[in-house]
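Note that the chains take the letters A, B, C and D in the order they are written out, and that residue 1 is the start of every chain.
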Amino acid sequence: MARIRAFENAAEEASRGGVSAFGAAAAAAEVRVRGPLHLSTGQEAVAAGVCANLAPTDLLTSTHRGHGHSIAKGASLERMMCELFGRANGTNRGKGGSMHIADFSVGMLGANGVVAAGIAIAVGAAHALRLRGERAVVACFFGDGAVNRGPFLEGLNWAAIHRLPVLFVCEDNRWSATTPTAAMTAGEGALARARGIGVDGLAVDGNDVFAVDAAAAALLSEVRAGGGPRFLHAVTYRIKGHVSVDAAAYRDGKEVARALENDPLALAAARLGETEVRRILDEAQAEVQRALQVAAAAPWPDRASAYADVQDTGAGRWLG
Amino acid sequence: MARIRAFENAAEEASRGGVSAFGAAAAAAEVRVRGPLHLSTGQEAVAAGVCANLAPTDLLTSTHRGHGHSIAKGASLERMMCELFGRANGTNRGKGGSMHIADFSVGMLGANGVVAAGIAIAVGAAHALRLRGERAVVACFFGDGAVNRGPFLEGLNWAAIHRLPVLFVCEDNRWSATTPTAAMTAGEGALARARGIGVDGLAVDGNDVFAVDAAAAALLSEVRAGGGPRFLHAVTYRIKGHVSVDAAAYRDGKEVARALENDPLALAAARLGETEVRRILDEAQAEVQRALQVAAAAPWPDRASAYADVQDTGAGRWLG
Amino acid sequence: MARLSYAEAACAALERAMRDDARVVVLGEDVGRGGIFGQYRGLQERFGAGRVIDTPISEATIMGAAVGMALAGLVPVVEMRVVDFALCAMDEIVNQAAKARFMLGGQARAGLVARMPIGLWSGSAAQHSQSLEAWFAHVPGLAVVAPATPQDNYALLAAAIACGDPVAYLEHKELWSLAGEVAEDAAVPLGRAAVLREGGDLTLVAWSRTVHAALEAAAQAQRRGIGVEVIDLRTLWPWDRDTVLASCARTGRLLVAHEAVRVGGFGAEIAAEVAETLGIRVKRLGSPRIPVGYAKPLEDEARVDAARLLAAIESFG
Amino acid sequence: MARLSYAEAACAALERAMRDDARVVVLGEDVGRGGIFGQYRGLQERFGAGRVIDTPISEATIMGAAVGMALAGLVPVVEMRVVDFALCAMDEIVNQAAKARFMLGGQARAGLVARMPIGLWSGSAAQHSQSLEAWFAHVPGLAVVAPATPQDNYALLAAAIACGDPVAYLEHKELWSLAGEVAEDAAVPLGRAAVLREGGDLTLVAWSRTVHAALEAAAQAQRRGIGVEVIDLRTLWPWDRDTVLASCARTGRLLVAHEAVRVGGFGAEIAAEVAETLGIRVKRLGSPRIPVGYAKPLEDEARVDAARLLAAIESFG
């Protein structure tokens, strides 16, 4: 959680006209995060609590708001920061950016720029695990807004009829961009909807990392035992705006204030010792600072690489 | 129901190398039904029972298997048969055929060649009724296979959050083309799934026209009272193959035999007098024979009409 | 006459259409707060949540419901955020909206305006940067519009709403803040190109953001003694064949340029048509057939800028 | 060597691929019973329901799951029934499958074969008759294949499965029953056209079902003294530019013909490219820009047949 928070804060700063530590010249020279950035600040407990129960061989799919999931699954902060800076040694060689970060070396199959698109991919990956006789499971993260897209129904149904090893995690931060999700969602909530489709599960306070951990552990042990897919509904809050440039002025101040009181890091800190917490935070901070340094100095991808990894069939005919 | 059955039987025969009464020459001259034909034989009670509760101003959307819904909503058998024959005076001027039959004069907004596509159209039409301050309702028919497509979730959710006047009717004939739907559908069934999305309703024996009528009446009175959308799950059986050329040899003989015993026309006949039933059947038969005569003699659309009703913007540039 | 941004111009056109015609409604995600590009600002306050309808994240049903609304007599303006997300609603656009009137034998029509912004959007990578105008031009039943200026965005959005057909209305994400003078009474009919600059040596056809790069390149070419006639197509279907052919007949050379991928882009249609009709020399410039990368050098590789245009102009020799 | 139908040839190629490579799986609606065109007949009996996977009616998730399977190491062959229904899975094909490898920086690839039959299918009207090959050719990351014969359907399906890229594999619905000799060892590389008939006066490029109309028209033209060289493109992306250009350089005239709508069809790409490169006369023939009607006269209006081809051939004068 501390590493996620530190990463998000640094990325946010670096997206605002550059990293101040590097000065104005650096900003002008594009030493910064490019493009839109969907921060998971305040939602760290969901990622951390779920991924604590995953092995490196387990797989994960994520959303446009995926930094936390990647970090919790074990992706390198350094290579992630390089990716945000659009550098050649980023996780995706500078081709993906924040919305496409993936690290296959730790089973992280990718963020996704399309709401709910990761659901079918997770289901397919789980289906492949089954067919290949592997014992791993797939964790599939999506937001509360995604429960209103068709792939939610199709993907849960598919996983259920095949009893596939998937843990669906609805990371419910109560907002879909600038719209409160509740106003757009009928029925008794995400878990009831999942049950109606045939996937059972649990609801949990998504800001309490211990509760998330316990619920994920319980559900994952059922999934690993061959019980088929399970659903975790984790209620949390998006402390920042929808995207880095969004001041989120449309929100009620009281709602935000309540959320800040309920900060998952503060809640966790209350259960650990003061010194322990300080140590963790300092370490995370130092690691992120190193990542920033590396990213700022990292090489740009060369233009020729724009033609690499498109496809093999007919490679080299791209200008034709 | 009798008119639907007579129509389906005649259409089926006319799709098999021509109407025998017209001889071989007629068959060679394309005096017949073109293209694939999805017959609703055996499912008549759902269409009849629901539509008995609709006014001409109410609207209806249908599926690829839509003859029954159209007839029950009041479309002319003659113009429908002309459409199946691909003639200029068909409901759709020969442009749509079986899978696109519509008759806006009786509120029938169209069959649809894409499974579940009618759901969003029904929801939008209901939304328009609301905005225009009209009191009519929309009946939206779809098959059991459609509950596994994304638009099912999206459409029900939309109707529920806006409390739109829609009666969703799942016409459950237990098959999706050559696949038993149950094997592909997780959870406790269509109604449970609808409830999970926030739309309540009833399940009914779809071969009992009196039961369908009663359930539809109850649900539609709630819809008309402003209670929002309702869901009717009507279990029936597809007596014929998926499409006119499908012998459906993949089905268990016992299953089909059971279904034939449970024929909705026979069930209804048992509650009416013998002479009354004979009269109804004879009348229907005669009407359909007239429709066949008219269709066989009806003019073909001229080729120029292929360019009509495409779009106004840039009309006449179609070869460009 | 007022100075408006491209986004404000669209907003103004929409406001006027909604004022004049009670059948016009707006639906899409986040439209109530003005849309994430401000292209609906103030409309919900003015016309209420009944006519400016916030929707769930349900692209397929947003578009499908719009078809149902249109069949039932409304004129929906449909927000898809970016054309990339409209891929989630392709059945509804192509199988339902575009073909409805024809399939129904003219009983009704699905007149609606689908706003599906195209183009690069700095740092947004492969799922937020596509230009798919060629797809829509290939689909019978659809009109296709791609305005390049605030004035045209005002006038063409008004024309699209009024035309009664389903329209693929393709604004460009990097033009939202472009400001310009907008006259409320300057009507621009669908299907009419604008000759933005005259020149006798070569005809350069472009649309959307590429028009601005084309004007820049034409000015540079002029200094090198090449007279470039710049035509902003504005509407891709129907496209203004007469204006383009007349210009080409005069100049004897055609260059079509667009930001969409060159292979299978709409430039091919125009080039092929002109070559077939006039037998003159034609060239096309478009993005290479690569996804748009995130990093700047990669993204730039997919950009059709003035420098590339100039090189193509000079390549005619 | 065996005499097989176009559907049987595909089945045979699939069976061999599944036998040779345990990673190959099939998924789609009704595939267990052999597919509604018999193009999967016997495969589930042979390889089991684990590898020949019946699916719910969930096109978006069929394609999306295939992407996930591919990322996790399988080689899925995806049944979409007709390309018209693949419109329900466009996000998954274009935003996910086509771009995955690039966006991921090469960490993985979504190699899969999406079978999306195109073309007229007598009496099936506007939602079951589209030809959308031009769309896929416009999308970086996809290969596009459209076989015209049983032999090519056998060899090209094998090549598509082996290539490792996402492939839009476009069989034609009116060719399923076409029979022909199939040699199991005749490899056809992706991207290689076939010159089916030589001729010195005009190059006629076609693919899919239109190839057969082209051969018919060429024979008729021969009797009128016009030598037509018929090229079956077979693969649309990458297309065999060398073969086409060499032929065009010899004949000095190009006609491209396809069943897809002419406006924005892939014929425009080829015609434009040839005109750009060689400066010769080009013409295109395709469906008018209308939906396919149900009635025979309407359907026929959208057919590109030998008579139309002959008229186009003769129009070069």
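As a working rule, contacts are C-beta pairs under 8 Å (C-beta built on N, C-alpha and C of every residue); 3 or more make two chains touch, one makes a residue touch a chain.
Quantities reported herein were computed from a predicted structural model and do not represent experimental measurements.
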Chain located farthest away, centre of chain C as origin (C-alpha): B
Centroid spacing, where centroids are CA-atom means, of chain A and chain B in whole angstrom: 45
Chain B-chain D separation of Cα centroids, rounded to whole Å: 34
Centre-to-centre distance between chain C and chain B (centres being mean Cα positions), rounded to whole Å: 38
Shared interface positions of chain D, touching two or more other chains: 55-56, 58, 60-61, 84-85, 88, 91, 95, 102-103, 125-127, 140-141, 237, 263, 273, 289-291, 293
Interface hub residues of chain B, defined as touching at least two other chains: 90, 92, 94-96, 100, 112-114, 148-151, 154, 157, 161, 183-185, 310, 317-318, 320
Arrangement of touching chains [line / ring / star / complete / other]: complete
Chain B contact footprint on chain C (complex, rising order): 25, 50-51, 53, 55-56, 58, 60-61, 63-74, 76, 91-92, 95-96, 100-109, 140-143, 163-167, 190-191, 237-238, 241, 273
Touching residues on chain A, where the partner in the complex is chain C: 30, 34-36, 83, 86-88, 90, 92, 94-97, 99-100, 112-116, 145-146, 148-150, 176-179, 183-185, 250, 300-303, 305-307, 310, 317-320
Residues of chain C touching chain D in the complex: 60, 84-85, 87-88, 90-91, 94-95, 98-99, 102-103, 125-127, 130, 132, 134-135, 137-141, 237, 260-261, 263-269, 271-273, 275-276, 279, 281-284, 289-291, 293
Residues of chain C touching chain A in the complex: 29-30, 32-33, 36, 54-61, 84-85, 88, 122-128, 262-263, 288-291, 293-298, 300-302
Chain D contact footprint on chain A (complex, rising order): 59, 61, 90-96, 100, 102-104, 109-110, 112-114, 117, 119-129, 131-132, 150-151, 154-155, 157-158, 161, 308-314, 317-318, 320
